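Structures incoming, each one as C-alpha cells.
Two complexes, one shared chain (subunit A), two partners (subunit B, subunit C).
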Partner chain A sequence: MSTVEVLGKQLELDADGNLANPEDWNEEIAKELAKQEGIDELTERHWMVINFMRKEYQEKGDAPSIRKLTKQSGVDTKELYQLFPKGPAKKAARIAGLPKPKGCI
Partner chain B sequence: MKKLVILGAGTAGTMMLNKLSNVLEKDEWQITIVDQYETHYYQPGFLFIPFNIYNKKDVIKPKRDFFPTGTEVIISEIDKIEPGKNRVLLKNNKVLSYDYLIIATGSKVKPEETEGMKGELWYKNIFDFYTIEGALALQSFFKHWEGGKLVLNITEMPIKCPVAPLEFVFLADWFFTEQGIRDKVDIHFVTPLPGAFTKPRAASILGDFLDKKNINLTTEFNIAKVDNDNKKIVSWDEREIPFDVLVTIPTNMGDEAIERSGMGDELNFIPTDKHTLMAKGYDNIFVIGDATDLPSSKAGSVAHFEADILFENFLDVIEGRDPKAKFDGHANCFIESGFGKGILIDFNYDTEPLPGKFPLPGVGPFSLLEETKMNHYGKVMFRWMYWNSLIKGQELPIESNMSMAGKRL
Partner chain C sequence: MSDQIEKVSIIISKGSLEGVYPGLIMANGARMEGIEATLFFTFFGLDAVIDKRMDHLKVATVGNPAMHIPTMVGGLPGMAAVATAKMKSEMEKLDIPPVREFIEMIHDTGAEIYACKATVDMFHLKKEDFCPQVDDIITVGEFYEKSAGASIIFT
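Showing the complex of A and B:
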C-alpha cells in the first residue's frame, strides 16, 4: 500500500490514491491535499462542497457523484469545474479524505 | 398461486424468464413479464449498422419468439412500483401484485440531459448509435459523407457497453480506409475518463491501438454543451472541440418508472447488493442488468453472468434460505478493432482486464488484450449464440464467475 507524507505524517492511501483511513483526515490535511491537486487555497465555496461530500458519505456510505453535487450541494456544475478543475467529484472526494465516488468507474 | 413479476423483457428479463420458467412448478407459480415494446433488439449489433455491416433486419426479432408458453405477457408502460404494497401499477391501469419481483428495466440514452445536444443538428450532424433510429440515421449520413472532422464523445459515465465507443472509432478507421477517404477523415475520441478505457491496463493497451490507427484522443473532457451554430462541443472548463459530424454517447439513465417509484439514485439506477443482486432494503426484489447501480459494466455479458447468480439466489430465497451465490462483477467483451480483427477482455470487480488466453489457459482459442482474427470470429459467432441460446436462458461454455486461469499478471 502506498503512502503520502502530509505535514510530517505518513498517511496510507487506497488503490485510487485517496486516504485509506478517513479518520486520518482533518482540515489542515485537506489544505495540503488540495495543494497536491493544484488548488492553492480552499475558499468558502470549496469548503461548502467538501463539507457536503463528507456529510453525504457519513449518511450514505458513498461519496456523491457530480450530478448529486450539482443538484444538492448548492454549487452548480460550472462552478464545480472552476473550483476543482477537470474532475470535481473525484478531486473533491480526495481532498475531503473520502474514497473515489463509486460512479467514477 | 405464488406470483413472480418480471419488469422488462430485454436481454436480462428474457433470460430470467426462460431460466425460471424451466424450474418453477406451473401449478404453483404464475409468471408475468411486462414490457412496453414488442420488438427485441440485438443491441450489440447497433454498432455495425452505421458501417453497413448489419442492417435493421439483422438486429430485430419479435419478443414473443422468446417467451415460454404459460407466461403472462403484458405489453404496457410501467407507471410505478409500490414496493411497500408488493404491487406494480401499469400505464394501462392494470395493477399487478407480486410475491417476488425481478426488475430488468435497463438503461437508455438521454441526449436531452446535455444543453444543445438535441438541437437543430440532431440527426443531421449529431447522431447516437445506441438506438436503432440513431444507428440508421448515421448509416444514411455516412453514405454521402465526403470527410471532415468525426468526433466521438462520451458524455458521462456510466454507459452501456463501455467498449462500444472504442469499437466505433476502430470500425470508422477501417470503413473510411475501405471507402478510400481515410486521409480526409480526422477521427477524434473524446472522453471524460483519464484514458481510453475505464480500467488502467486495458486503457493503456487500447490507447496504443488508437495511436496506431491514427485516432486522436482527448481525455478528461466533460461536455457542458453542444454549440450548434459553430459545430463545437464545449466542456465545463471551456475547452472547445470542433466537429463536422458528432457521434455522441449521451448520458445513460435508468427507466423513468424507477424515478416515479422513488427507488433509484440520481441516474435512476437501483441500489443493488453487488453480490446477491437483491434490491437494497427489500427481501423480495431482485435487480439485474443495466437497471442496477453495480460498479460493473452495463453489458449483455454481465447480465448473462448475473442471471446465473440471480437464478441460484432466487431459488434459495423462495425456500426461505439466505442467498448464497455471489456475483463477482464478471464481464467479457469482444472489441471489434476493424480489418476483420478483434480484441477480447475478461474482468470483474477486483481484477482488471489482463493479457492471456481464453477460455482455455495457454490454448485459447481467444487471446486477451491482443488483436486477432479469431477474436473477431468470436464476436461474429456471438450474434448466433445470443438469439439461439443466450436469451433462451441456456448454458454457455463460460463460467459465471471470472477465472484467473490463462491470465498473465
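Showing the complex of A and C:
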C-alpha cells in the first residue's frame, strides 16, 4: 500500500490514491491535499462541499457523487466544476479524506 | 498517461427513454472523471433536446425481447406509460435525474451539446424548438472536426 507524506506524517492511501483511513484527516491535511490537486486555497465555498461530503459519508457510508452534490450541497454544478476543476466529486472526496464516490451519476 | 481517455464524443440516435439515458450517463460520467465530453443528438435522439418532447420520452415496450413481455401485450394501450413510470421511479432511487434536469446538469459540467443538421432539416425543426442547452446545430463534418482526438461512442 502506498503512502503520502503530509505535514511530516506518513498517511496510508487506498488504490485510488485517497486516504485509506478517513480518521487520519483534519483540516490542515485537507489544505495540503488540495494543493496536491492544484487548488492553492480552500475558500468557504470549497469547505461547504467538503463538509457536506464528510457528513454524507458518515451518515451513508459512501461519498456523494455529482447529482447529490448539485442538489443538496448548496453549490450548483457549474460552480462545483469551477471550485474543483476536472471532476468535482472525485477531487472533493480526495481532499475530504474519503474514498472515491461509488455512484455513477 | 497517453493511454488514458481524455475526450469523448457521444452520439445519441434513439428517442426512447432507454435509448437516451445510456449516452447521458456516459457523458456525465466522463465529466466526473475529468474527461471532456461532446454530445451529438441525431435522428430520433433529437427528441431528448426538443423542448416540448424531452419531458415525455417513453420506454419502448414493443420489439424489445429483454422486456420479457409478449409483443402483443406490450402493444396494449397504456403499456408504455406503465413501463415508463416504473423505470423513472427506479432511476430516481439511483439518483438518475429526469431528462431535462440531466441535460442541464451535463451542460453545466462544461460538456457541449449539438443537434444534427441533416435531421433538423428533415424534420423541419428550428433552433427555437430546442432546449437552451443546445449550443448549435451542426453538420456531420463539423461534428468530426469538434471530435478531433476524441473517442466516438454511438448509442
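Heads up, the rule we're going with is that the second predicted complex is superposed on the first by the 103 of 105 C-alpha atoms of A that agree within 3 Å, B and C clash if a C-alpha of one lies under 4 Å from a C-alpha of the other, contacts with A are read in each partner's own complex, and residues count from 1 in each chain.
Simple rule for what comes next: a residue touches a chain if its C-beta (ideal position, glycine included) is under 8 Å from a C-beta of that chain, and two chains touch if they have at least 3 such contacts.
Since we're looking at a predicted model, the values are computed, not measured.
Looking at the shared chain after the overlay, A:Arg54 reaches neither subunit B nor subunit C. In the superposition on chain A, A:Lys86 makes contact with both subunit B and subunit C. In the superposition on chain A, no contact is made by A:His46 with either subunit B or subunit C.
When the two structures are aligned on the shared chain, A:Arg94 is found in touch with neither subunit B nor subunit C. Once chain A of one complex is fitted onto chain A of the other, the partner contacts of A:Lys78 extend to both subunit B and subunit C. Touch criterion met: A:Lys68 reaches subunit B and subunit C at once. With the contact threshold set out at the top, residues 65-68, 77-78, 81, 85-87, 103-105 of subunit A are in contact with subunit B in one structure and with subunit C in the other. Across the interface of their complex, subunit C is touched by residues 65-68, 70, 76-78, 81, 85-90, 103-105 of subunit A. Interface of subunit C with subunit A (complex): residues 25, 28-29, 31-34, 94-97, 104-105, 108-110. Of all residues in subunit B, those touching subunit A in their complex are 156-158, 198, 220, 222, 224, 235-237, 266-267, 293, 295.
Subunit A meets subunit B in the complex at residues 65-68, 71, 77-78, 80-82, 85-87, 102-105.
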